[in-house]
Amino acid sequence: MSDHVYKSVELTGSSKTSMEDAVNNAISRASKTLHNLRWFQVTETRGWIEDSKIAHWQVTVKVGFTLDDE
Amino acid sequence: MSDHVYKSVELTGSSKTSMEDAVNNAISRASKTLHNLRWFQVTETRGWIEDSKIAHWQVTVKVGFTLDDE
Amino acid sequence: MSDHVYKSVELTGSSKTSMEDAVNNAISRASKTLHNLRWFQVTETRGWIEDSKIAHWQVTVKVGFTLDDE
Amino acid sequence: MSDHVYKSVELTGSSKTSMEDAVNNAISRASKTLHNLRWFQVTETRGWIEDSKIAHWQVTVKVGFTLDDE
Amino acid sequence: MSDHVYKSVELTGSSKTSMEDAVNNAISRASKTLHNLRWFQVTETRGWIEDSKIAHWQVTVKVGFTLDDE
Amino acid sequence: MSDHVYKSVELTGSSKTSMEDAVNNAISRASKTLHNLRWFQVTETRGWIEDSKIAHWQVTVKVGFTLDDE
Amino acid sequence: MSDHVYKSVELTGSSKTSMEDAVNNAISRASKTLHNLRWFQVTETRGWIEDSKIAHWQVTVKVGFTLDDE
Amino acid sequence: MSDHVYKSVELTGSSKTSMEDAVNNAISRASKTLHNLRWFQVTETRGWIEDSKIAHWQVTVKVGFTLDDE
Amino acid sequence: MSDHVYKSVELTGSSKTSMEDAVNNAISRASKTLHNLRWFQVTETRGWIEDSKIAHWQVTVKVGFTLDDE
Amino acid sequence: MSDHVYKSVELTGSSKTSMEDAVNNAISRASKTLHNLRWFQVTETRGWIEDSKIAHWQVTVKVGFTLDDE
Amino acid sequence: MSDHVYKSVELTGSSKTSMEDAVNNAISRASKTLHNLRWFQVTETRGWIEDSKIAHWQVTVKVGFTLDDE
Amino acid sequence: MSDHVYKSVELTGSSKTSMEDAVNNAISRASKTLHNLRWFQVTETRGWIEDSKIAHWQVTVKVGFTLDDE
């Protein structure tokens, strides 16, 4: 990470299968409008239960990107 | 809460009367530019004092909204 | 608070009107099965938004009660 | 907030009716001996239960004041 | 999440294979005695090592359920 | 600690003499109704003062137990 | 704890022998100038080592007292 | 700070020389697209090392601005 | 640090130039009324922005002093 | 866990595929120089993004081991 | 504490009798390989239960020592 | 930061002049025995006061380095 200015935003992605997939979905959606995504940090892992089973995972991430060439 | 991607932003609303009203003001202002607001979480409650009385409350909230149909 | 053993449980109450009312609802419900409730501590304040307005508040409390005369 | 030195103290106010009133009581009491009160921050919200009802709220605040013209 | 009262309990599940499976095991066990499970939040992820390998994962979750129709 | 599901509850014990004794009292009381207690973690240490002396210690612990053979 | 206003201050006491004794020393010293001490909460436990042995314990407490009849 | 609604964003600035300069760089960059910047709070201070020397500082700040006249 | 009782207070100092200078100003002001200042710990670093530039830094410190020879 | 003295160290492992694999890699590397590894606790989960995709996960763990027979 | 560079390590000591003794055991073991130990800070207090009684205490400490004359 | 295993250690550096210099001193000392230092994170900023002036700053950092080619 070199000498830039970064901005970070907080996103929550969902997945029926795994935590990793929930993060993938959040980053995939974010990349439609934000370029130069560089890193993420998991800040919360939750999920919803239906019929005594995990219906889907919800993972919240901070995602950082460079502001330089906006 | 179903299988979406959410973004959350941090807002601070003010009110002369109550904490609830300060949150209302923040959400009311946010809804002018952000649609699909879904939830909020209070992260800080402060206030300012003038002449030994509470002049106004300032409540900071994280507000989450769906990114899907932006 | 004298020389007892306490247990605390975590409850979340809801209200359309105020944070105080949400806590009241949680404690009212808890008192149906738990006796000797003594204190509470607010640990999280959230809410849900519908049509750009606060639909209801959700306040989470730890509620403590004496175990002695169970 | 301009170029001053501030001190902050921690107070807990009580009220039978609301969180806001509990903060009001703490600040009102503090203003008898401390001048130039400027801001507060809520750091804890608790309460006591009697007969399965909230007997009173206890809200703890940090209260800041300028030291300059003491 | 509508206008209910929720209780949350803290459980720790174990798995030899993955974090997700450890949460699944905790929820599966909890559903034997608790009905109306609605959500969970991961609060700690640990594990035990034997012979320089991960023997099993231990994931702690808060699990919330409605109290209304108990 | 092997491949079980654990539940943890939060208890507060009191003692006029020491922190250790306050934890002992909490665990002794808990063992009347909970079996298979396995571990505890101290989460808060408080106390009450009377006549400028410590009247008693109050130590809060999370206590974990196996759910398997309930 | 009834319907008062409380102030809390942060003190650190020392002892060569035990954590409890370090808290005792802090409260004993505080009671020379502060009356109506009501409760304390341990916020930090440290110590100093000399010649590979614990030279003394240093326990920091928040101590609360009523402001009403100052 | 009067009766407005604020939004805060999280930025990370870099500098080869000092923490203060890293914050300056973040705010300078932010002011190109955000007006009415009012305050900041440092939330993390990190840095990168090359050849056993600090190559640059990276300071993360929350920056608040008024939404009123956007 | 030997076998004393310490009290700590929370102060916020300001400076147009640097974080270090803001702490200096807080300690310099505190030393007018408090003797035997021994240590400080930075607990928060904020600042105010005017015309897209840092107007001044505000650094909050806990400052500890011995109570022994008050 | 019996009556030993433990030391814990902080390690960060990487993986292109999953969080679990990142922890595996950290522990596998640690076991080359540290024996008697007993447990770990996940303290941070981050990752790096390239071309709008997760390039690799980085999971930080505290790893504990017995000092007794070093 | 004068103008040195310090390193701190995290240790967990055990004792059947008291928290103080558990810290003593950790420091005693550490002093076999680390010299110039200067201070410690308690970061976690846990314990294990057998037959409804505390089998032993486990106290985790950060222990700091000077690097200067290694 | 590519696909390595990292270890981090906690160091405290001192300086009479600035926070930055205190970190520099810690890293300079660490580089005598640790190679491949890559990043640091400030975790605590303290200082000592003599004659009502800051005698020296003490900044604690986590310092990370690659384990791969040890």
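To keep things simple, chains are lettered A, B, C, D, E, F, G, H, I, J, K and L as they appear, and every chain counts its residues starting from 1.
Heads up, the rule we're going with is that a contact is a pair of C-beta atoms (placed from the backbone, for glycine too) under 8 Å apart; a residue touches a chain by one contact, two chains touch by 3 or more.
On a predicted model such as this, the values are computed, not experimentally measured, just so you know.
Chemist: Going only through chains that touch each other, how many steps at minimum separate chain B from chain J?
Modeler: Graph distance in the chain contact network comes out at 2.
Chemist: Indicate the whole-number Å distance between the mean C-alpha point of chain B and the mean C-alpha point of chain G.
Modeler: 38
Chemist: Provide the C-alpha centroid distance between chain H and chain J, rounded to the nearest whole angstrom.
Modeler: For chain H versus chain J, the centre distance works out to 32 Å.
Chemist: Two or more other chains in contact with one residue: find those residues in chain I.
Modeler: 1, 9, 18-19, 48
Chemist: Spell out all pairs of chains that touch, sorted by label.
Modeler: So, checking each combination of chains, I get A-B, A-E, A-H, A-J, B-C, B-D, B-H, C-D, C-E, C-F, D-G, D-I, E-F, E-J, F-G, F-K, G-I, G-K, H-I, H-L, I-L, J-K, J-L, K-L as the touching pairs.
Chemist: Of all residues in chain B, which touch chain H in the complex?
Modeler: These residues of chain B touch chain H: 9-16, 25-26, 29-30, 33, 48, 56, 58, 60.
Chemist: What does chain H use to touch chain L in their complex?
Modeler: Against chain L, chain H makes touches at 17-19, 44-49, 52-54, 57.
Chemist: Residue numbers of chain L touching chain H in their complex, please.
Modeler: Chain L residues touching chain H: 18-20, 23-24, 27-28, 31, 37-42, 63.
Chemist: Could you pull out which chain A residues touch chain H in their complex?
Modeler: 1-9, 62, 64, 67, 70
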